[in-house]
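Naming follows writing order (A, B, C and D), and every chain is counted from residue 1.
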Amino acid sequence: MTDQGISSLYQPTLAEMVKIEQLTEKEKLFTLYLKDGRDLGHRAGQFVEVSVFGIGEAPISVTSSPTRNGTFELCVRQVGDVTRALHRLEPGSIVGIRGPFGNGFPVEKMRGKDLLFAPGGLGLAPLRSLIQQVLDERESFGRVIILYGARNPSELLFRDELAHWEARDDVELYVTVDRGDENWTGHVGVITTLFPEITINPRNTIAVTVGPPVMYRFVLIELLSKGIQDGNIFLSLERRMKCGLGKCGHCQINNVYVCQKGPVFSYAQLKELPEAI
Amino acid sequence: MPLKVIDKKNMASFVTSLMKEREVVGPVAKDGKFVFSPIDDYSQLRLDCPITLLPPKQFFLPHEEPILKYKLGEAVRSEPVIEAPPRAIIGMHPCDINATWLLDLAFSTDNLDTNYMEKRKKAIIIGLDCNQPCDEHAFCKSMGTLTVEGGYDLFLTDIGDAYVVDYGSPTGMELLARHKGAREATGADMARFRAVQDAKWPKFTYKLEMSISELPNLLGISYDSPLWEELGKKCLACGACTLVCPTCYCFDIVDRLALNLKEGQRLRRWDSCQLPEFATVAGGENFRKARSSRQRHRFFRKGKYLTEMFGKVGCVGCGRCARSCLVHIDPVEVYNTLKRTGIPGGWAQREVAAYQQGS
Amino acid sequence: MMKPKIAIFDFGCCEGCQLQIVNLEEELLDLIGLVDVVSWREAMTGHSDDYDIAIVEGSITREAEMERLKGIRQKAKVLVALGACAHIGGINCLKNFFDMDEVLEYVYGKDAGHFDTIPARPLSAVVPVDYAVPGCPIDRREFLEVVKALLLGKKPPIPNYPVCVECRAKGNVCVFDKGMTCLGPVTRAGCGAICPTYGNKCEGCRGLVDDPNLDSHKEVLQEHGLSVEQILHSFRMFDGYMEVAR
Amino acid sequence: MRDGKINVHYVTRVEGHGNIVVDLKDGAVKELRWEIPEAPRFFEAMVRGRSYADAPHITSRICGICSIGHTIASLQGIEAALGVQPSEQTVLLRKLILHAETVQSHTLHVFYLATPDFLGVNSVVPLATTHREDLLRAIRLHRLANEWSDLLGGRTTHPINLVVNGWTRLPAPDELRGLRQRITEAIPDLEAWVGIFKTLEIPNFQRETEYLALQRDDEYAFYNGVIASTDGGTTPVPQYREKIHEFVVPHSTAKHARAARESFMVGALARFNNNYEKLSPLARWAAEEMGLKPICYNPFMNNVAQLVEVAHCLEDSMRLINELLARGIKEEDRSVEVRGGTGVGATEVPRGILIHEYTLDDQGTITGANLIIPTNMNHNNIERDLKALVPAIVGQSQEEITLALEMLVRAYDPCISCSTHLLNVRFA
């Protein structure tokens, strides 16, 4: 609120870092809570605008499940000003949070269906919120297949959780790396090389893939060739974003503001948006 | 309430009385051209101005404005900044009034942007009709923006030695009622008013070779037109077209710390989809790297996207972009070229033709 | 926060950019509270070789200067080029279009033998440069923003769009409309389009943007009456070290 | 210290690089050199082939401190070559911005670079704690001068809008009125510093020499005039070669000069000695307060003369502004008819007479240039002053001697960057 009592959409809520965990060389996992005592109240696949005051704001997906309240988690790769500044913070630091923004994954549509998740690299961060929710409400979904690809073993995120999923017999987890190292005994190859290993029922499967733009082109081909319908394939898109409110124009793809109508889109929608991928 | 009239000799007192209660902004001369600027004396006001270099959007969406201030340290504090002084903007032409209307929609639909809306709410808009085209670049008549249906508080028409004044809001009505210099229009005034209006319309020409309702579809089928490549070759990516555009409102947000590194501001400032890094994300991926794709985006926004979002045309035909483009990219020419080189009749008729051929 | 140690050096130049730092007045005092200036010949006596950030003004115009610059580079963690001379070679490169011996003789006559000179070049032609504060002279505000960014671990906010952006946003009358020609459409912004704002053309002192549309700009210049020769001369004023001026 | 070498490698707190080399033997000076190793930049050679219109903007880059002076001398030289008479308004405004530079440069030098010597510290920074109020007054004056040139020329250094035969942007009357107001408010700051200088101990060292400065009948000459000498006689600017002779010395990339005697001095003290009568009342008051009287042969008093000139410039600027406002500011035609020819311009910049000479061909392309920079004219005098000073202080410690020599050099306020852009003797 300003002195005149006018509220502003650009005013962040303060949040405190309670835990910071180094996941890989470039990624850290931050656990936060809102200082005003509210729950973030997000849906899986939504994002927040995180402020490091004095440096700037960046859109970051909430990586924790909506089903787990109190705190929330952000997994951040250090690439530029804001993300580097986040990496310099210590527990107890204060940041600003606006949001949650965006549509999130269509969880209701997924209930009762087999799910095929194909995250690449940092794409696991947004998908993890959905995977956690699905596992927390395991009984209302069919098969859960996860195909996860990273560039090399040291870039694999959430290793403990991967091990946990691996151990569950109601999750089919396949992990691959583009290039292995001396200790790596698992699958080697880009993520698309995992697809021949699985068979699915295309009529009853919803697929979600999140990763860098180059990956989408190839993963889509695999998903389509498995017979999954355009409307049942979902992607989460990254764009430059400043406001998160559908105003600043940066995230626009053709006539769609990603922060409003996205970041999650079905492939059927994207076919109408030639600028998308 | 019948139309009122303010004689030109009474305009000074009208404007001066407005200046007592609020900042008054209007066209003033600059280097042989005109700009909207706050005035401190009626004599600076140039209501005879054909068109200003920049549109009046800067008074609602300033080139750079603080939106947040904060203090760092033990107890981080931040609070929004909204600067909205009471203002009157006088001398806005129909194109700019229509454009402002579109901006109002953009900043109030879905998420209400109080930084814009507060400034807008505290502004009185006094429009002024164009009795002839400002210059050869104007194509407002084609865009349907030579007339206004609303979006103003008062609207003036120059009938020689007086202005006929229409009101478009209770604020305007009240303002008019308060001003002693405003008198009832006489029969003679009304006759002149009608004569001015009758004479005006033919002085403007239709420049688009299509109706504007056709524009979104024309663009829809022109996504892959070779024209975009041509524009990309010429375009300097200097952003002039979007900066001077009354309906462009994209912005950037940056933080600026004071030199003590303890307190700072978050600012928003104009940005432009024509600049190379507008759509660049971390990792270096640029979703609109080619100048051609940026030019296309601009014309799609003006001619299609904004219309689809807000139901109002995104280009008001003021011609500012064409006037300021050093390589002569002109929307009239762009749309007409698409029309001429595209499939005759546009999308719908192509469908019909295809159907008739039985394919 | 540890105060970073800053050293300021100069090579062949007019020292106008250092002067802009002095011209920060009160803000210079604030700045000195945030950093530790350990060497600055123009403003203080005393010198130390222990510094984190070297701010270097001027272009390299003599053999011996290359070694001196390499020494600075070795000691500094961050090297900032200050001003057009250091950043792009600047005005000094005008002499590169003459024969060096001839230039020496023209200026020193029969005594030319006492002196040496090589074609002028920016720092980056000799050592890696981390950041540049462009301009002839630099803009004081921008200099402060760059220093703040370095203190905060941010990328210094030097724009990568042309001067026209700032010029149009200011509501200036374009100097092309006044019968002049301008390098604004291809020159890096950040100066606030100060030259057109003061009624003159942009002379390109801040160097080119990353991806200038030079072909199209040249057509514009020609359309406004410049010959190919005159176009070259326009770019040589400050951008003489670059491809575009040759 | 009666034997040994002193080698000041880079005198600090001056503009540009200069070294002092002294070799003492039995208390006598065996060798003394004032060396200029600064990289030469060859402006005279560089302007050849460029359009006449480019000269002011190129030569402005000779020196960051007196860029306005270079611009003006260059404009005068070009205008003389083209046979153009700039309007009265143009000249009044040029005089006004030249005053801004004089105040800018003198305050910078007196307050930031020289005062630390008199107060026994190594830079202006410690004064922020010990003499905060005085320093803030100094900063206010310096900032006024900067904002004054910002207002008129677009920025403090390398002015933008001064062009041949006019200005590309004129100040608005309101801006001029605001400036006048600020100048009025600055006078107490100047008076306070006159009070401070009154109490400082300025070394008493005298060496008789010749002083050259521009002179006019109607005002204390800055913008233009004839070359006057304290030894008597005047020389019209175009005949400057008859008065000023330059020569190369091996230890310096800057040239040396002499006139009638073996060396001469230009700058604030030279102007003061030649033109005392024309100073404004405030300036005369300041001179009297600080005990400066013509003809003064003590080079250390150059700092005091600079402060006197600051007073003059402030007061004279109010006169200029009043005149400009009374005439009204008008847009004027700047067009010129291009023709070939040679022209000389001379103006008083903070450090003395600055001369720009150009030859143009019929298309207005520069074919030759000759620039004579005031610090060059002083180098010879500096070296001779140093030689004269050493025997008087030879009984002191090496540090004390070094400091005294450095202070002497700094008193001249040498602008070494400027002076390494030499003339060509063989004028094309």
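Operating definition for what follows: a residue touches a chain if its C-beta (ideal position, glycine included) is under 8 Å from a C-beta of that chain, and two chains touch if they have at least 3 such contacts.
Just so we're clear, the structure is a prediction, and the values are computed from it rather than from any experiment.
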Could you let me know which interface, A-B or A-C, is made of more C-beta pairs in contact?
A-B
Can you work out the whole-Å distance between the CA centroids of subunit A and subunit D?
66
Rounded to the nearest Å, the gap separating the Cα centres of subunit A and subunit C is 43
Between subunit B and subunit D, centroid-to-centroid distance (C-alpha), Å
52
List the centre-to-centre spacing of subunit A and subunit B in whole Å, with centres computed as mean CA coordinates.
38
Any chance you could list the residues of subunit B touching two or more other chains?
254, 257, 261
Residues of subunit A engaged with two or more neighbouring chains:
54-55, 80
Which residues does subunit D have that touch at least 2 chains other than itself?
none
Touch graph across the chains, line, ring, star, complete or other?
other
Which residues of subunit D touch subunit C in the complex?
10, 12-17, 38-42, 44-51, 54, 57-58, 61-65, 67, 108, 112-113, 122-125, 128, 136, 139, 142-143, 146, 153-158, 160-161, 163, 167-169, 248, 250, 253, 417-418, 422-426
Per the touch rule above, subunit B residues touching subunit C in the complex are 30-33, 35, 52-54, 63, 233-240, 243-244, 254, 256-257, 259-261, 270, 272, 275-277, 291, 324, 326-327
Per the contact definition, I'd like the list of subunit B residues that touch subunit A in the complex.
67-68, 70, 72, 76, 78-82, 106-107, 110-115, 118, 223, 249-255, 257, 261, 264, 266, 268, 271, 273, 278-283, 285, 287-288, 293, 297, 300-301, 304-305, 308-309
Interfacial residue positions of subunit A with respect to subunit C in the complex:
54-55, 80-81, 84-85, 88
Which subunit A residues qualify as touching subunit B in the complex?
1-2, 4, 6-12, 14, 51, 53-57, 79-80, 83, 94, 96, 212-213, 238-240, 242-243, 245-250, 252-255, 260, 274-275
